[in-house]
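In the two assemblies presented below, chain A is common to both, partnered first by chain B and then by chain C.
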Partner chain A sequence: MIAVDVLIVGAGPAGLSAAIEAADAGADVLVLDENERVGGQIYRQLPPEITASTSLGDQTKARSLFQAVESRRNIKVLCRTTAWGTRGPTTLAISTDDRVDDVNGRCLIVCTGAYDRPVPFPGWTLPGVISAGAALTLLKGQRILPGRNVLLVGAGPIQLVLATYLVQGGAHLAGVLEASTRWALYRRFPRLLGQWALLREGVEYLVGLRRAGVRVRYGHTILRAEGEDRVRQAVVCRVDEQWKPVPGSEKALEVDAVICGFGFVPATELTALLGCDHQYSPWTGGWIAKHNRNMETSVPNVWVAGETTGVAGAVVAAEEGRLAGIAAAHRLGYLSESAAEVRSRKPRRRLAGLYRFRRAIDEVYRPREGLLDLLTPDTVVCRCEDVTARGVSDALVNGARRTAEVKTRTRAGMGPCQGRMCATSLAAMVGRYCATSAEEAGQSRVRPPIKPVPLSAFRTR
Partner chain B sequence: MEPDLRITHDVQRGEAFAMNVDGSSLRAFPGETVAGALLAAGRYRLRYTTTLGHPRGVFCGMGACHDCRMTIDGRPNQRACVTAARPGCHVATQVARGRSALPQ
Partner chain C sequence: MISSDVVVIGGGVVGTAITYYLAVRGLAPTLIERHDLASGTSGACGGSITMQTKRAGPVLGCAIQSQDLYRALGDELGHDLEYQEQGSLVVAETDDELEYLTALVAAQAVAGLHLDWLDGPAARAWGDLGRSVQGASFCPTDAEVNPLRVVFAFGEAARRHGGRILTHTRVTGIRADRDGVAGVQTDRGDFAARTIVNAAGVWSSMIGQMVGVDVPVRPRRGVVVVTEPAPFSVRGTLFSAKYLISKRHPVGGSTANDGNSTFTGGLVLSEAVAGNLLVGSSREFAEYDVGAPVDVIDFIVREAVRIIPAIAGVRMIRAYAGLRPLSGDGLPIIGNVPRLPGLVLATGHEGDGVALAPWTGKAVADLIVSGAPSEELAPFDPRRFAEAV
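The block that comes next holds the complex of A and B.
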């Protein structure tokens, strides 16, 4: 068993910022991450074996964060390490390179991030149809294009980032389809003013793409992807304000890859396993762990920060991480009440403005109900267990009223991804059928191990 | 010429090596994942599902969705997107849940 003052899960901007604050106050910090290197998804780095003279996006923030972590001797980072279970209120079961261990932190900060919101449509399981996160990982981490002739579908600013990287990498864009309407964005534009740095970033992406001859088509999305053993063609269409396909507007495009980016879902498996109370927050992606203004959850000595507590981007994640790190250091007696308060002031002030900006962005791009109209009876909803929309409908007709009941009847959510790729769609389908909300449909249950661990890892040595 | 989706402009890679994929040789570079090397060569299909027998490939790309499960060096259900490509490694398209050799 490893024991530390502050245990942090996730080495993205939230986890690393929390580590720096707690370490600066004097705490011994251990950061776990399942990847080869720190950075999380947003600050993903190339491996040392691949070098590039131009970076994708601005790397200055990432570099200064990494340097700050490296220069502090009381921060240890354990990569290739998965937290897959709990052993106590703040004790985790972990595995590193197929070896299991337990690790206890007197304080625990969960910064597990988010994953792509799965949006099922006919053909979304075809090879060549990938998530925005996967495309970014390939581009940032290996400089590999997902295809030569790529269609981008989805909603949100991430599309502009991806389109820019793809153009830089030499891909041809068959289209960039934004499901939100232009009007939805313009109407909220005044509320975006004030966060000039973020706004400028967005405008720069748009201008760059326009120069490259790429136009974003608002109020459009994908209807289906077609092909035998990989995607060859995509049928796209216009959508209304609720993202419902407009009949008669279909158009076929030849493509060799489709990238889907409909926003992100907070990864709450670990906080659920720890017994934290959760609440439904449709604006920021779905279920999130409840927390106070210092980011502490309902379980004492467990904090959350970053996307896992509502998808809001790297800047917000870092500020939330700071708050959690400061609060944990205070709990352990490394900071007095007043010192903690003084250090928290700046992050709190920044967050207030950022949350306002984010709320406006979320109002523009939050997933609308019309996405459910993309489903046909044969559309696979649960990718792991091959459960189709028809299978889910049958369960609903036969009396299932909650996500957990659909899971029991159909096996949807019982596969190796543990519902990460279907729980949000199931909740939406239950919500529509029962004329309630996705919130009423309930959270999908999680069980350890929340990430797979081979049995051989338990061999005693 | 086989398709190559690697970005080469301004990018330096190490010495290429060969992996064995379903019995034939496939080129990979140090630092790449199994899924990355396969995708770069235009090999999108990585497995067939258990119930419907549908082809699947990389989807989430970060180890969450488990759709890229392949049999790598005899071990089934390895996520190709988070498994490093190694010289001489044996990669096989996985059908259903895959099979592993019994331990000796």
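The block that comes next holds the complex of A and C.
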């Protein structure tokens, strides 16, 4: 059993910012991460054996964060480590380098991020059709272009970032399709004012893309991907305000890769396992752990920060991480009440403005019901167990009323991904059929292991 | 008010089987289930139909009859139940376990069940088993079935024969009058019936309490770990003798808060049709908590890695937990409640619900149709808990 003052799961901007604050106050900190190196998804680094002459995007923030972590002796980082279960309120079962172990933190900060919101449509399981997160991993972590002639579909600012990286990498863009309408964005524009840095970033991406001859087409999305062995062609179409395909607007595009980025879903398996209270928040991606203004959950000594509290980007994640790190240090007596309050002031002030900005962005890009109309009966919904939309419909017709019951009847969600690739679609389908909300359709029960663990890790040595 | 010949409470394997056999006999049964079919114990169990692990005595006799029914059940119901006779192996790793297993083989032989004895090398060669395995007993006719398919097939066939299946309907009360039970109250209306079958498994005590009948059944949790599809295949079901011993000598009636482990268990391993390995299992009193504690998973997996070392090459992807309805003496409780005419209990099967379901369904239907319990039901008569029911 490893024991530390502050245990942090996830080495993205939230986790690292929390680590720095807690360490600066004097706490011993351990950060766990599944990847080879720290950075999380947004600040993903190349593995040491790969060097690149150019960087993708501005690296200054990431680099100063990494340096700040490295320079603090009371921060330890354990990479290639999966937290797969819980042994107590703040004790985790981990697997690392083919071994299992337990780690206890007197305080625990969960910064597990988010994963891609999967949106099934005909052909989404073809080779060459990948998620925005997977594309980022390929580009940032391996410098691999997903294709030479790439179609981007989805919703939200992540599309601009990806398009920029792809252009930098030399790919041709067959299109950048934003499902939201231009009007949905313009209408909320006044509420975006004030967050100048973020706005400037967005405008810079747009201007850069325009210079490269790339235009974003609003109110469009993909209808289906086609190809025998891999994606060769994409049929795209116009969509209405609810993202419902407009009949007669179909158009075929030659492509060799499709990147789908319809936003992200907070990763709440760990907070669910810890017994934290959750709430359904369609604005921020789905179920999130409830927390107070210091980011502490309903379980004492367990905090959350970053995308796992609702998807809001790296800047918000870092500020939330700071609050959590400060609060944990205070709980352990490393900071007085007043010192913690003083240190929390700035992040709190920044967050207030950022949350306003984010709310407007979420209103523009939150997933709309029309996405369900992309499904045909033969569309695979659960790709681990090969369950089609027809299979799910049959289960509903035969009497299933909750996602857990659909799971029992179809095996959807029983595969290695544990529903990460289908739970949101299932909840939406159940919600539509039973005329209830995705919230009422129910959260699946979470049990360990929340991530696959090699059984070799349990060998007696 | 809707009226039925019989109301069956509980949509698990036992309740659906009873409803099916009642419908086949021409009665108009109504099954009432709080959630969906198979959403409780039957949806969170293994599917082994093993004779060699049953206690010699009434349970073994009924299990053998039940397996006979299973052999023809898929055709009868018109559904593939994934029934396969691939045998079962029980391995012993210690001297005590060898002794236990030798006695088991002898006892089952007396009961008419022949088991093959495999010495250490033969046992290990059966499936590339670990060095700790010192011997094993093998029953070639033991089988496996997909319990979910069984439940849904019974339900569908019951409906086809005129039975009514009401899911997502919660029983809120049982009405009784001078003549006995009179009907069931639910959140979706009342149902009149002069016969009510309590097949609510781990919840049967709660149903009993609605009419002041104390049903001595409590939930005992079993955890099963699921791996990704393995590159090797496992024939039939593999048990460790440790598991059978733990099942019959329950410890840990206390809560999990005392810091010591409160569960017992051993290895039960089989391969699902999709190729995933189901690795169980534990026995633990944890009220109605269907969580899968890490210490139980850790124990089960270590048992598996020791007994079948090749499993170290695969990953576990999930775990599930099911509550098994354990009766006061470990035997099922099937029969009339003398104090309340018309109330029939069919519960307390613990881990044998799937194996015994066809026989139970048939026996309960016979009991209701004939009105008098057969000799065969005597060992399971609720009256053995005289002061309770």
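Here is the rule we go by: the second predicted complex is superposed on the first by the 461 of 461 C-alpha atoms of A that agree within 3 Å, B and C clash if a C-alpha of one lies under 4 Å from a C-alpha of the other, contacts with A are read in each partner's own complex, and residues count from 1 in each chain.
The rule we apply is simple: a contact is a pair of C-beta atoms (placed from the backbone, for glycine too) under 8 Å apart; a residue touches a chain by one contact, two chains touch by 3 or more.
It should be emphasised that the depicted structure is a prediction, and the values quoted were computed from it without experimental measurement.
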> Who contacts more of chain A, chain B or chain C?
Replying inline: B
> Once the shared chain is lined up, is A:R148 touching chain B (first), chain C (second), both, or neither of them?
Replying inline: first
>> If we overlay the two complexes on their shared chain A, which of chain B and chain C does A:L372 touch? Say first, second, both or neither.
In response: neither
> Should A:A52 be classified as contacting the first partner (chain B), the second (chain C), both, or neither?
Replying inline: first
>> Applying the document's definition of touch, where does A:R383 land relative to chain B and chain C: first, second, both, or neither?
In response: first
>> Quick one: is A:P416 in contact with chain B, with chain C, with both, or with neither? Answer first, second, both or neither.
In response: both
>> Looking at A:Y115 after the superposition, I want to know if it touches chain B, chain C, both of them or none. Which is it: first, second, both, neither?
In response: first
> Where does A:V216 make contact in the superposed view: on chain B (first), on chain C (second), on both, or on neither?
Replying inline: neither
> Does the superposition put A:A324 against chain B (first), chain C (second), both, or neither?
Replying inline: neither
>> Just to be sure I follow: which residues of chain A are touched by chain B in one complex and then by chain C in the other one?
In response: 385, 415-416, 452, 454
> Taking the complex as given, what residues does chain B use to touch chain A?
Replying inline: 3, 5-7, 9-14, 29-33, 36, 39-40, 44-46, 49-52, 54-67, 69, 75, 77, 81-82, 84
> Can you list the chain A residues touching chain C in their complex?
Replying inline: 85-87, 93, 100, 385, 398-402, 404-405, 408-409, 411, 414-416, 418, 445, 447-449, 452-456, 458-460
>> Looking at the complex, which residues from chain C come into contact with chain A?
In response: 35-39, 43, 148, 152, 165, 167-168, 226-228, 274, 290-292, 294-295, 297-298, 301-302, 304-306, 311-321
>> Residue numbers of chain A touching chain B in their complex, please.
In response: 34-36, 41, 46-54, 115-116, 125-131, 133-139, 141-148, 169-170, 229-231, 267, 380, 383-386, 415-417, 420-421, 451-452, 454
